[in-house]
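Quick heads-up: structures coming right below.
Here chain A shows up in two complexes: once beside chain B, once beside chain C.
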Partner chain A sequence: MAGDVTTDPVTLEEAPPPEETSEAAAMAARLAEAGRVKRLNDRTRMIIAYVVLTLFVVIAIGPAFYLISPAFRDSVSLFTYPPEWIPSEPTLENYRFLFSSTSYVRWAINTLVFAGATTLLTLVTNTMAGYAFARLRFPGRNLLFFVILATLMVPVAAVLAPTYLTVTTIGDWPIIGNWIDTDTYLGLILPSAVSPLGVFMMRQFIQTLPDGLYEAARLDGAGEWRIFTKIVLPLIKPALVVLGIFVFMLTWASYLWPLVAATDNEFRVLTVGIASLKGQFVTDWGILAAASLLTIVPVTIVFLFFQKWFVQASMAGALKQ
Partner chain B sequence: MAEVILRQLTKHFGSVEAVEDVTLRIPDGEFLVLLGPSGCGKSTILRLIAGLEDATRGEILIDGELINFKDPTKRNVAMVFQNYALYPHMTVYKNVAFPLETARMAREEVAEAVQRAAEMLEIEALLKRLPEQLSGGQRQRVALARAIVRQPLVFLMDEPLSNLDAQLRLQTRLELMGLHERLGITTIYVTHDQVEAMTMGQRIAVMQDGRIQQMGDPTEVYDAPANTFVATFLGAPPMNLVSGSLERDNGQVSFRFEGYELAVDPATSGIAPDTLDEAVGEAQLGVRPEHLTLASPDAEGLPGVVRFLEPVGSDLFVSVNVAGHAVQVRMPPDTQVSTGSNVRLAFDPARSHIFGADSQNLRS
Partner chain C sequence: MTAVDVPAHEATPDDWAAPSLSDSEYRWRARRYRFRTVRRAAGFLSPYLIVWGVFLAIPAVWGIFLSFNQGGLIRGDPRVFVGFDNWTRTVSDSELRTAVKNTSIYVLIAIAVVFTLAIFLASLLNHYKKGSNFYKVALYFPLLAPPILGAIMWFFMVNFDFGILNLLKRSVIGGDGIRFLGDNPHALLTIVAVEVWRGLGFWVLFYLAGLQSVPEELQAAAKIDGAGKWRRFRRITVPTLRPLLLFALVIAVIFNFQLFDSVQVLTDGGPRLGTATVVWFIHKRLFKFQDTGLAYASSIGLLVVVLILTALSFWLLGKRRQREA
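On to the complex of A and B.
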């Protein structure tokens, strides 16, 4: 053993014998050959991946693109044969009609209020609940959290009737009934202003913050509220943005609850409003397409604008101390 | 500034006894080191004093006031954490100012206090940076600044140097001592590093399994270890221990092991004759490496064979095989000795220790 140890460095210092060089060269050539074969394989694989991905892209955004053409044509030219994809006589007539003869603007404002307020309230309730579940010790904590998670399994349609009854019942109460009822903003917003998924997400996120931060803050004299606002909230900003966008987009596109809660045209949101444009016997598809396109664009912009935050949030678990 | 008293402090986590019956009095302005291996309960004691854990039993008093049930926010103790626990989203200034702003101090006063703390720790140039832009040593200073800025009654330090590299640790150690000298705040310092404990502590409490094994000033703990745990935990390399037995023959007690016999004289060993009589039976002999000397094979002493030599520059550590036991000897670096040579080991009985069957030092 000792002999091996001492002779090793000596062989290292010697020049490598010539046969070894040629052997090494042969090996390098073989490796390069193998690499080329592998690169070809990679290329084929890449092509397959692109084909599959393209297919998915078409399926995913195809319908949205399909809206663009009819949105700029009059309804008569929609059904010409052979079908034309690029309108020969593009028109903004559909939009003129939307703004002049329907309550589109009103619906848009309602949707903005509905989605905006729901998002804000959800963020407030969910971060606070998430903080409580992550940090505070109280009896029944785990049971309560489990119950909240369990509501994730309940479909929206199943709670539609009870929610509706609750809101109409509150609507019959004096004073408060003026504010919370069907066909009121609060009646529309409040039932959507908490999301079990959001509570779960916030709890998980807050749990990843190091305990040392809370302990340091407590010793620095900070109470729960100050820790929540000064330490926790700034550190979970990425999660707040993600949850915010998520809730905003869901609420913007939600249909069932607004359909039930807002029967008055004054309180209708875009999804319900657009659906009402569909006539019983005749439907102007051009107008429907224009309205839909106009509704999709703002959320798409919001999403694209905040996209980088999604990436950041996915790395937020690696929060540095 | 304050005096801290712990009375029969006990903390159980389920069936785990983290801290068991700890009683301590830390006078105002003292720098006390809690020393022990990881999991010995030393950090738990700090957390109990800070209020981050609730005691199972016992009392904690600061300046005579029972604080067991006082909220940690109101105890006015500052803690420096092992990983510093700086607020990552706040600048250094904001980090240091946080406790003062929490106490709703006026803005100018906050600025003044932060400035003073920053000067003391030489971090004025870093005030606008975020923690992630700082080196380990700088973060350490910021954590210290945040702790001293509000002039707490007690400083609690939980292994604050363990994340620093060796050189920086040495430097920060001296600075911490200087800081303590200047501020005079009662400090409880937790470490598993015996060198830190010996150099920094005015007193050391050596802990094992949630209990204090020995308490005293560093030299006392080093020179007169209460038991084999303390004897081997302090000192690098640790005290040499050999197992054998104390036997009584014609009124003379001697320590026997592996066929060798060493007379134990109450006068030179410092052990009371009664204690010696009672301890007859299983025992261990302990001698520190620096109290052993190598002698030529024909001299008096225990015969042994040199196994390894470890020159460390200032000293030469010689590992000698004595009847199957590896015994460490510290010698001057210029000692002429080679591996495989026969030697004799000599030592002054007054500097040796005999530990009874219960591992306790018979001398104490």
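On to the complex of A and C.
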């Protein structure tokens, strides 16, 4: 039945109109020709576009794949020419070395502790501060917010020396110095949890919540803390996830502060540790490749599961301002 | 609700009567109210303010003081007040000048290349929507790895003996390989390539979001009026995106000016300072504990530049908001 309906117009079109002249026929042919050329053109364009896009995708993910072969072979065999892409004698020697003779596991644990704690601390402090700036009135609020916001993009390098001095100075104090110093977890974490980006994000987000919510809660006799924990927090969960991913990704990838704050191997993180595997003059390529690959694979898997959140989080840094 | 006829309320002198509080009582209550608001806010703000104050705000101010000093970064090394000495030397120091020059060249090339590519790819993705999600995710991939790991991947790619770029060069063009990291200006250009590779996905997504905000009706109207593709791009897309472009430019300058990680791991500033950058210079001077004074001063220079650019970016953003409103 449906077929009848669709074929009907076609047969109508194909029936030659009786008053057709040769001129009109030529015109119709030209139009049909032009349409075909255009369609062909569009098709070639599309194919070129996808080829270009694919090329960039290969460039984007290719370097990671280029690590696979060196990771499973003896470094010396890398230097044969012509190159052997698939190792003739694949080996796990590099990984054995990585786990037995370097502190890779320790670095990985340190990274998780460092990035996890920094993320948690940032979420707690930034959400509370964001709430205060969004909902509470107090003298000097705008000035304070402006001053904090001014430090949004302060580079680590620009305050590297004084931050280092602050941490070593606190490190000399009794008791607290055992916890906050260079080569301590808190010494790594606290200076990494200073960015006001989250305060700003949370303030924006909390401001969008309807006023009625607060008024209703206040009428019911809830205090600020209760409103914050019972009403605001559950509502801003998506923003918390986005900020959390963003901070975690930024922190575990950070290099400069961990490089200077943790000189003791016991407190090194992955970025600093892997960079140290690349020797100044001689590099064991196999081990470097093995360590890099081992680090990227889990992140990639997590990313593929939560890619939507990741992309949102990375945009949050730039667009949500 | 049923409408109840309420007679219009006329203000009577009673409405404006003084509150039944004495002056001092009134002032006392006002102060108590203000104290309460401050206390309540302090409860929410103090966790962040303490961390921010101790580890960012105080160091930033301390840094200004440090820039007039020399040494004192490690125990046993006395700090010496040297006045404006560091500052006068920032102008004349040849290593710092090279670092500033390299960083500027890097910033210019990297941003020009990455923005051009990003706008181009974003336009493609905006037009060819089929499978665009796959391309977006794949292009985003380099951002997952820390800059250090991205640099290490390229360390393999550009290796003289087995890097794929040199293998290709030898087999296709012939001749000897290229010392991507061992010659100038190859080294700086390689760093540019690595950073463009890493940032491209971010900027593609950034511009894609921007392109999608260009009103569809405007494009359609222009098309009916007979405007070609290029003309529509020049007259509609670019003007709509301009505020976004300017803002992106400023933050890209801020981020790229801090180039350090890949330099540190790939070339360590070499060869012959060919890839020395400002942050590399600061780190080198500080933690080789030599001539820290110059590093103190240049950190403050960096801080001031970034603060000015931050202000500029907020101003641009404010303008954009205004236009939207």
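One rule holds for everything that comes next: the second predicted complex is superposed on the first by the 241 of 321 C-alpha atoms of A that agree within 3 Å, B and C clash if a C-alpha of one lies under 4 Å from a C-alpha of the other, contacts with A are read in each partner's own complex, and residues count from 1 in each chain.
Operating definition for what follows: a residue touches a chain if its C-beta (ideal position, glycine included) is under 8 Å from a C-beta of that chain, and two chains touch if they have at least 3 such contacts.
The model shown is predicted, which means the values in this text are computed figures rather than measured ones.
Enquirer: Look at A:231 in the shared chain and tell me whether it touches chain B only, chain C only, both, or neither; answer first, second, both or neither.
Expert: A:231 sits against chain B, while chain C stays out of touch.
Enquirer: For A:128, decide between first (touching chain B), second (touching chain C), both and neither.
Expert: The second partner, chain C, only.
Enquirer: Contact-wise, after the overlay, does A:222 reach chain B, chain C, both or neither (first, second, both, neither)?
Expert: A:222: touches chain B, not chain C.
Enquirer: Specify the partner with more touching residues on chain A, choosing between chain B and chain C.
Expert: More residues of chain A are touched by C.
Enquirer: Contact-wise, after the overlay, does A:213 reach chain B, chain C, both or neither (first, second, both, neither)?
Expert: first
Enquirer: Once chain A of both complexes is superposed, is A:106 in touch with chain B (first), chain C (second), both, or neither?
Expert: neither
Enquirer: Is A:296 touching the first partner chain B, the second partner chain C, both, or neither of them?
Expert: So A:296 only meets chain C here.
Enquirer: Which positions of chain A sit in both the chain B and the chain C interface?
Expert: Common to the two interfaces on chain A: residues 319, 321.
Enquirer: Under the stated contact criterion, what part of chain A meets chain B in this complex?
Expert: Touch residues, chain A against chain B: 210, 212-213, 215-223, 226, 230-231, 234-235, 319-321.
Enquirer: Sort out for me which residues of chain A touch chain C in the complex.
Expert: For chain A paired with chain C, touching residues are 46, 49-50, 52-53, 56-57, 59-64, 66-67, 70, 78-79, 81, 83, 121, 124-126, 128-129, 131-132, 136-139, 141, 144, 147-168, 170, 190-191, 193-194, 196, 199, 224-225, 228, 249, 252-256, 259-260, 270-271, 274-275, 278, 280, 285, 288-289, 292, 295-296, 299-300, 303-304, 307, 310-311, 314-315, 318-319, 321.
Enquirer: Going by the contact rule set out above, which residues of chain B touch chain A in the complex?
Expert: By the definition above, chain B touches chain A via 50-52, 72-75, 77-79, 81, 83-89, 98-99, 102-103, 131-132, 146, 150.
Enquirer: Where on chain C does chain A make contact in their complex?
Expert: Of all residues in chain C, those touching chain A are 34, 37-38, 40-41, 43-45, 47-49, 51-52, 54-60, 62-63, 66, 72-75, 117, 121, 124-125, 127-128, 131, 135-150, 152-157, 161-162, 164, 167, 197, 200-202, 205-206, 209, 248, 251, 254, 257-258, 260-261, 264-265, 268, 278-279, 282-283, 286-287, 292, 295-296, 299-300, 302-303, 306-307, 309-311, 313-314, 317.
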